[in-house]
């Protein structure tokens, strides 16, 4: 791939494909823009006219009701027209190629494509083929990236901890299969977080992960020591049934977050999770619902961050 | 369950979970509010801005296109943003609990949840866990209640018959499995209807139904005598295949509403049905489409009643 | 069928069921109205308030995400409230008849029904039963008609070729199963196109097609000579697997549009296709993406044409 296609010639956000390659100023601008939308979503009338008359297409090539819902809400609160397309059940089954599908939607005068796809890189491919006034937002591609989740994680950290350059953050669990982990690590590094740790069993740790600038821990208690924030990853059910893990019980014993283990982190540690949670597998309910948990505020901030990204690429700032 | 959670401290509608426990004044206020919306839906521009910027989530844990459509229309005519969630195909399959799903949607700043669930009591459970500014409307839970259907039945009766305290109403068919019947019986009783009859075979009659203040008839001709209104219930297909009934033909012979049987009621009797109808099973087409039928006006009133309930709980009156 | 039910007493468009029977003036008015909407869809705010407060029901009795999407976009850009109903999964499975379904939606105060149905004539049946202020738009019924596709084809031809009375147009492929071909042939004839040709193998050509005023060619090279426009039809996958065709490769050899064959048409020939394309079956990619292709502009014009039809029947012109 030539240059990072996410920015236009003026260095403004054109597409959001991955946090990797996003300059620090752009990430900070997303977070600052999201600040203003957190206020909007708390108002009686939770709507601003920034994308009125714009067409947002939710293109979900794999189902994800939760993620689709967050984008749908964010777009509607920006007053956009939203069209939900579940593509698995559609043209793809008629043998139409991804790029023909996009060319068709583009001819219908789309403004923003929110793309979820099982194949890594699909949103990049689309971004290379759309017209200059069209924008692509990656809502999760294969194991590669989930940048709005990464950005909302960063927003949450900034909200509670202010200064990234003083933080120790641990990411725990199935790092190997997690696009959330990849996106977050890139964001934390870009914003100058001095200590990022990944904790998990060897079978769920990508080889060479140290190259991303993180420290690897096999022992969760060791890894949690002195942390300002703990980000738990979701363990996919299929992993539990597969050969990668002995059992959910065994996983919980070693890598499930309990109050006991959490006590090793800083007293004001915050606990995050991208949802949906497997209670009793990667996290104990007492922690998920406890005083350190900011899991539900993450969801709230996620709407504001998605509104920020959509309004920025949608040229609302023009 | 402690106190009826449907009212706030000022006695205003906070949630609509069942007609059981709704005070007479509240029911009457719903009906009066619906009056104003019947006018709206007949206008050229069928829209009022009462819920502009509010987020209505249609949470259907079991599919019901018809009911979902009526709530979607009602919410859009109040200018709300509507998000349809078919939960069976979603987070529940990822093992997320009902309350985690709700907590997440709440974090997205929901205003109103319209809930359809196969389990009796699910909307009550949700209502006990949402925030004070959030509202739950039961769109049918198991065999328990379907209060907007009950309210539209009451609206229809009031529209055609004016005074509940003079009425004889018969409810006919599968009372045992009908949440429609339960909701309506409670409403009729609360509004002072002196004579409510239930008519059906013993296998489809709940034991102890008399405790609800109704009279039970096994003989339909006997039960229809002197009625002002006949409410036919839908016979579920699965009952017809099961052991509870000999056959659809046999059922129709004894409990199907024909012009012949209807002649035993008052000359100005009205015929109601919650839909969808099984023509030739619980009702003859000549009656369904005949001069006594108010089945289609029920649908029209149903939109107005749902608009009334949503605008009342949504604080539009504040 | 008595009189063509598409026009009201003043000769204005009441329903759009088929191009067959539409007077020339009405077709021309649709095309002229669409002109104004092409401008709207290119604006920053792609929205006009012509159908504000109107309810448009997308009734898809067979799935077609692509067609549904074009109508949904068109309706939203007219500011209508849009309700998508996938009826296969709904009341029909509860044994409710088509007309009961329509009567119910009508009672919910529908304004426009967009109907897609596997049975030829279903939209006509519906149109005969709706109220005077309700309107039906056929979005494809069996093999019969697909009039908005026909109208957008006419719009495209007019856009590029101006004068229908000077044109030679060839329609190529599976004419037998194509509602697109039928609709277009009627439109071309009505607008005075002097030479309409159909090209395809005998097994995919309706018997007696000449009665529609077209010339039949078995030899594609012969048929393309001197054409101003070539309309390729989609070959359904099921035909390729069936007995009607030897193989996709064989079909492409004889009836696939290649640059080579296209050279026999006029130098400024345009190439059209209703989509989705089977590249390498009915059309070569070099032609589909080549300088003569107007396949993507067709999609753009399709939105404008659907906005035109909806605004005309919706009484926006009143």
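Residue numbering begins at 1 within each chain, and the chains themselves are lettered A, B and C in the order written.
Please note the rule applied: a contact is a pair of C-beta atoms (placed from the backbone, for glycine too) under 8 Å apart; a residue touches a chain by one contact, two chains touch by 3 or more.
Remember, it's a predicted structure, so these values are computed and weren't measured experimentally.
Hopping across touching chains, the smallest step count from chain A to chain C is 1. Under half of the residue numbers found at the chain A and chain B interface occur in both copies, marking it as a different-residue contact.
Separating the centre of chain A from that of chain B, both taken as means of CA atoms, is a distance of 41 Å. The set of chain A residues that touch two or more partner chains is empty. Here chain B touches chain C in the complex through residues 41-47, 63, 65-66, 69-70, 72-73, 76-77, 237, 275-279, 296-300, 302-303, going by the rule given at the top. On the side of chain B, the complex with chain A involves touching residues 52-55, 81, 83, 85-87, 89-91, 94-97, 100-101, 103-109.
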